[in-house]
Amino acid sequence: MKKLITLLTILSLIIVGTVSAGAVTIEMQAMGNAPAQLHQAWMEEKAAEFKAETGITVEFNQISWGEEMQRIPLAITTGDGANAMQVGTTQNPFFAGTGGLLKIDMIDFGGEDAFMPANLKSTKLDGTSYGVPWFAETRVLFYNTEMFAEAGVENPPQTWEELVEVGEKIIETHGEGTAIAVAGTSAWDLIHNWAILLWSHGGEMLNADNTEALFNSEAGVAAMKYYVGLVDKGLASRACAEYNQPQVDAAFINGDVAMAVMGPWNIADIRDENPDLPYAVVEPPAGPAGRAAFSGGSNLVIRANASEEEVNAAKQWVQFLTKDEILIDYTKNLTNMLPATKSAFDDPYYETETMKVFKKALGYATAYPPLVEWAEIEQAIVRNFNNVLTDYVNGDYDENTAKKYLDQAAEQVNKILND
Amino acid sequence: MRKRKYEIFKKICFALAIMLVILIVLVPYMWMVSNSFKTNLEIQGMEPSWIPKTFTFENYKRMNELVPIWHYFKNSMIISTGTMILTLLLGTLAAYALSRFKFKGRTPYIMTLFSTQVLPGILFLIPYFVIFNWIFQTFGLKMTNTYYGLIITYTQFSLPFATLMIMNYLDSVPREIDEQAMIDGCSRPEALIRVIIPLAKPGIAAAGIYSFWMGWNEILFAQILTREDVRPLAVGLLDFRQLTKSQWGSMMAACIVTTIPVIILFSIMSKEIVSGLTSGATKG
Amino acid sequence: MSKKGLAYFLILPALLALLFVHVIPMIWGIVISFLDLNVRNIINWQSAPFVKLQNYMLVFKPGTVIFTGFWRSVINITKFGLITIISGYFIGLGVALLLNKDFPGRTIMRGLILLPFVTPDTVAFSFWRFIFRSRIGILNDMLKSLGIIQDNIIWLVGDRSLYAVAIASIWKGWPLVALMLLAALQQIPQQLYDAAKIDGANAWQRFKYVTFPYLKPVTKTLIIFNILWNFNAFNQFRVMLSENPGRQADIPALFIMRQAFNHFKYGQGAALSIVLLLIMLVFTGIYFYVFRVKSDS
């Protein structure tokens, strides 16, 4: 009997213990910054560490970038979803505009000076921060050294013109469509690759005070024609018209194409899936107006529409994730992204050959205008970009197609800006 | 002689036509099965072929690691079964009343059931979303991302047609049987449960399968109103396309494994489904 | 309890369900369609400003993105509906006539052709998407080896995408047509054919005067159901072409869904779905007028 009572007491203690300790459970949501299983494992490991420190349980859940615009607004407006979330820097103002994000006082996260300025700027709407910078990314040209050597190409292309010359040599050796892969109509992020071309041709997205679209300029048209030309000249497979970015990445990682513009997270994919791939990276080729790069990245935001306990727990979790050693581990060993805190960026790892290229490109990279309306603007551009590619597939593409749809996109964007 | 030749020719044509039908039905499945045994490298890198050059079971092993297929399968089972039970419960009672009694509002009610078939599903999506949110904000009751939320939503689709199907079947059960049962000392509810429902089993089964099938196939509402925890298979299978890399092999493997039980179930019940659909649609 | 009382009692749950899951949401939807309900006020829908008919006006104002996008999607779905209904019906009829003959293995055949019908939509349209893929799909490969095409065709982008979806939908839809027509064919007494033969009727005349009259009622049913199903088609487009199929194959359901859940204009989406309902009513109205179907219940 005594034994039984002791047993029951111990049992009830355990139950009470777990209940009180596990009282707060929060959900963390991120995109595929690393191969899914590795990502999951890393998050679980860190969540366990975090739980040992604070008693808070963190559940991790990964969504795709393509789902971002549907899932995150639903979560923050309905109050049903993850507590801490990764958002793209370009969308942070839009999500902040819904009123569902927690206002962030940067003092709690090491002060404004701790972060890279580009990321920090993207968290702000009307002077208030609604997110904590997490990491930065930019896209550079990956190339397959073996395919280059086989085609007798010695140096990677430094300009877009050279890229075409190199590409022609490669298709002579390796067959049509093997020079480069580009994203097509299935890519939600179609705009990013074109943006690099636009800027390097001397174009701009919007005017300085963000009231008018400028991307339908001559530079924009030339950039679009160049993009379609890659497929038209046979450098990229015609099937690219139906690709999304992951298919582009897969084509390069499998060794089917010699070049692709990709992000740092692909380094981990290569390591995971085809470690023998002989590749190197080089800065994005220059256009008539010099080099340009895309500046993207991610911030961590906290859903305001939740109990105080959950909000505080999520805040602690974000503080934990942005601590130097955790952030360096995440960016260096898992995702190959570039950390958004200055102190983490000082790690010697970012002086390796590959990372130096990314770091350098990030130095002159351009970010999209931080506007609440940016999400809509991006969709309008992608929609019309799709029209261009669709016309190409249908055989309706001619000299004026690019201009026609860019003008149409500009008209729609101007309307969004002036509404 | 000539006539015999013509007969033979006709027979050959007939056999060819039958073969063609069989091919058209089966060829797409062959493509699915074949690819479930290919490596990703073969699917992406080589010329498409019917016979896998790189035969592997890897896809079957990995499919549940890439996407929680069995979790989604369980969700679909719960949601579809729940929809079926709720639909049959409400539908059978209503159908019995419609079949056995004349009462005010009977005809308008039947007409309403018919006209719900015209309503496009998307018409309800936005109101449901707003109402579910409003319930959550006002009463703190979670509706989105719950099994019951989705079951209620799907019952909305299946109930009208299921009621009509059961009603038509009950109409074919002679009223004398009710009366006989009541003379034998049953009350009306007893007569319904003990005598009529067993007799109407095939009709009720058809309606049940119909509502189950509806729940299993729905994508539009499931995609907006659920997340991973409750997401049914119809949407969950599409997760394979959201991965950072195309996983056609594993997706095909998952399609095969999760479809076999459903196909077996439906094949057993196929006669009832077709006759139920026919009667529900033609009479009333 | 009186007889009538019991009837109402039995029907009450279903009636309440109808009220709560159909009637109230529909009224709610109509109310929303007059509001500027967007991502900023969705938390508290009552606070959304009343904008009168503005959401509806955009649907009827030429030149707006909504006007072009929505009406294009209506035209696309009409095209899709006509193609799938007509082809599906004739293929189904052909197979039904074929299976109406006696031959060994007929029962197995009847089970077999049900397969496409009972395959879940996501599964069926996923493998069809795979078949239609330009580089890795089998269709282009087959066409190439038959010498019909030289270069890979891109099926899932542009003009061809609607037809690709239609082909997959026909493949999935004809078995039901065939089985329902077959059931009707088997009701025809053999004596009628014999009598027609004696009267000297040829095969076409026998079909026209003997067979077809028997198929008429089930044909009517099939067509109205196919109209409803195909004009509400969603799964095949969503699975084969994703959420945004591009202008040549966009459909109303996806267009409205994107308005509401990607562009966060819930009020606009609600207004569009009500316009869509009216279009559906016109379609069914035309059908009932053409076929003079009497509602006899």
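In order of appearance the chains are A, B and C, and numbering begins at 1 in each one.
In the analysis below, a contact is a pair of C-beta atoms (placed from the backbone, for glycine too) under 8 Å apart; a residue touches a chain by one contact, two chains touch by 3 or more.
Model, not experiment: these values are computed from the prediction.
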item: Chain-level touch network, classified as line, ring, star, complete or other; value: complete
item: Pair sharing more residue contacts (C-beta pairs) when A-B is set against B-C; value: B-C
item: Rounded Å distance, chain A centre to chain C centre (Cα mean); value: 38
item: Approximate Å spacing (C-alpha centroids) for the pair chain A, chain B; value: 39
item: Centre-to-centre distance between chain C and chain B (centres being mean Cα positions), rounded to whole Å; value: 16
item: Multi-chain contact sites of chain B, meaning residues that touch two or more partners; value: 44, 133, 137, 224
item: Per-residue overlap in chain C, given as positions that touch at least 2 other chains; value: 42-43, 242, 261
item: Multi-partner residues of chain A (at least 2 other chains); value: 74, 77-79
item: Chain A residues touching chain C - in the complex, by the definition given at the top; value: 69-70, 73-74, 77-79, 97-100, 184-186, 237-239, 241-242, 305, 376, 379, 383, 386-387, 389-391, 393-394, 412
item: Touch list for chain C against partner chain B, complex; value: 3-4, 6-8, 10-11, 13-15, 17-18, 21-22, 24-26, 28-29, 32, 37, 42-45, 95, 98, 101, 103, 109, 111-116, 118-124, 126-128, 130-131, 136-138, 140-141, 171, 175-176, 179-180, 183, 217-218, 221, 224-225, 228, 231-232, 234-235, 238-239, 242, 252-253, 256-257, 260-261, 266, 269-270, 273-274, 276-277, 280-281, 284, 295, 297
item: Contact footprint of chain A on chain C as seen in their complex; value: 39-40, 42-43, 65, 133-135, 151-152, 154, 156-159, 242, 244, 246-248, 261-264
item: Of all residues in chain B, those that touch chain A in their complex; value: 41, 44-45, 65-66, 133, 136-137, 142, 144-145, 224, 227-228, 242-246
item: Sites on chain A touched by chain B in the complex; value: 32, 35-37, 61, 63-64, 66-67, 71, 74, 77-81, 246-247, 249-251, 253-254, 256, 265, 269, 273
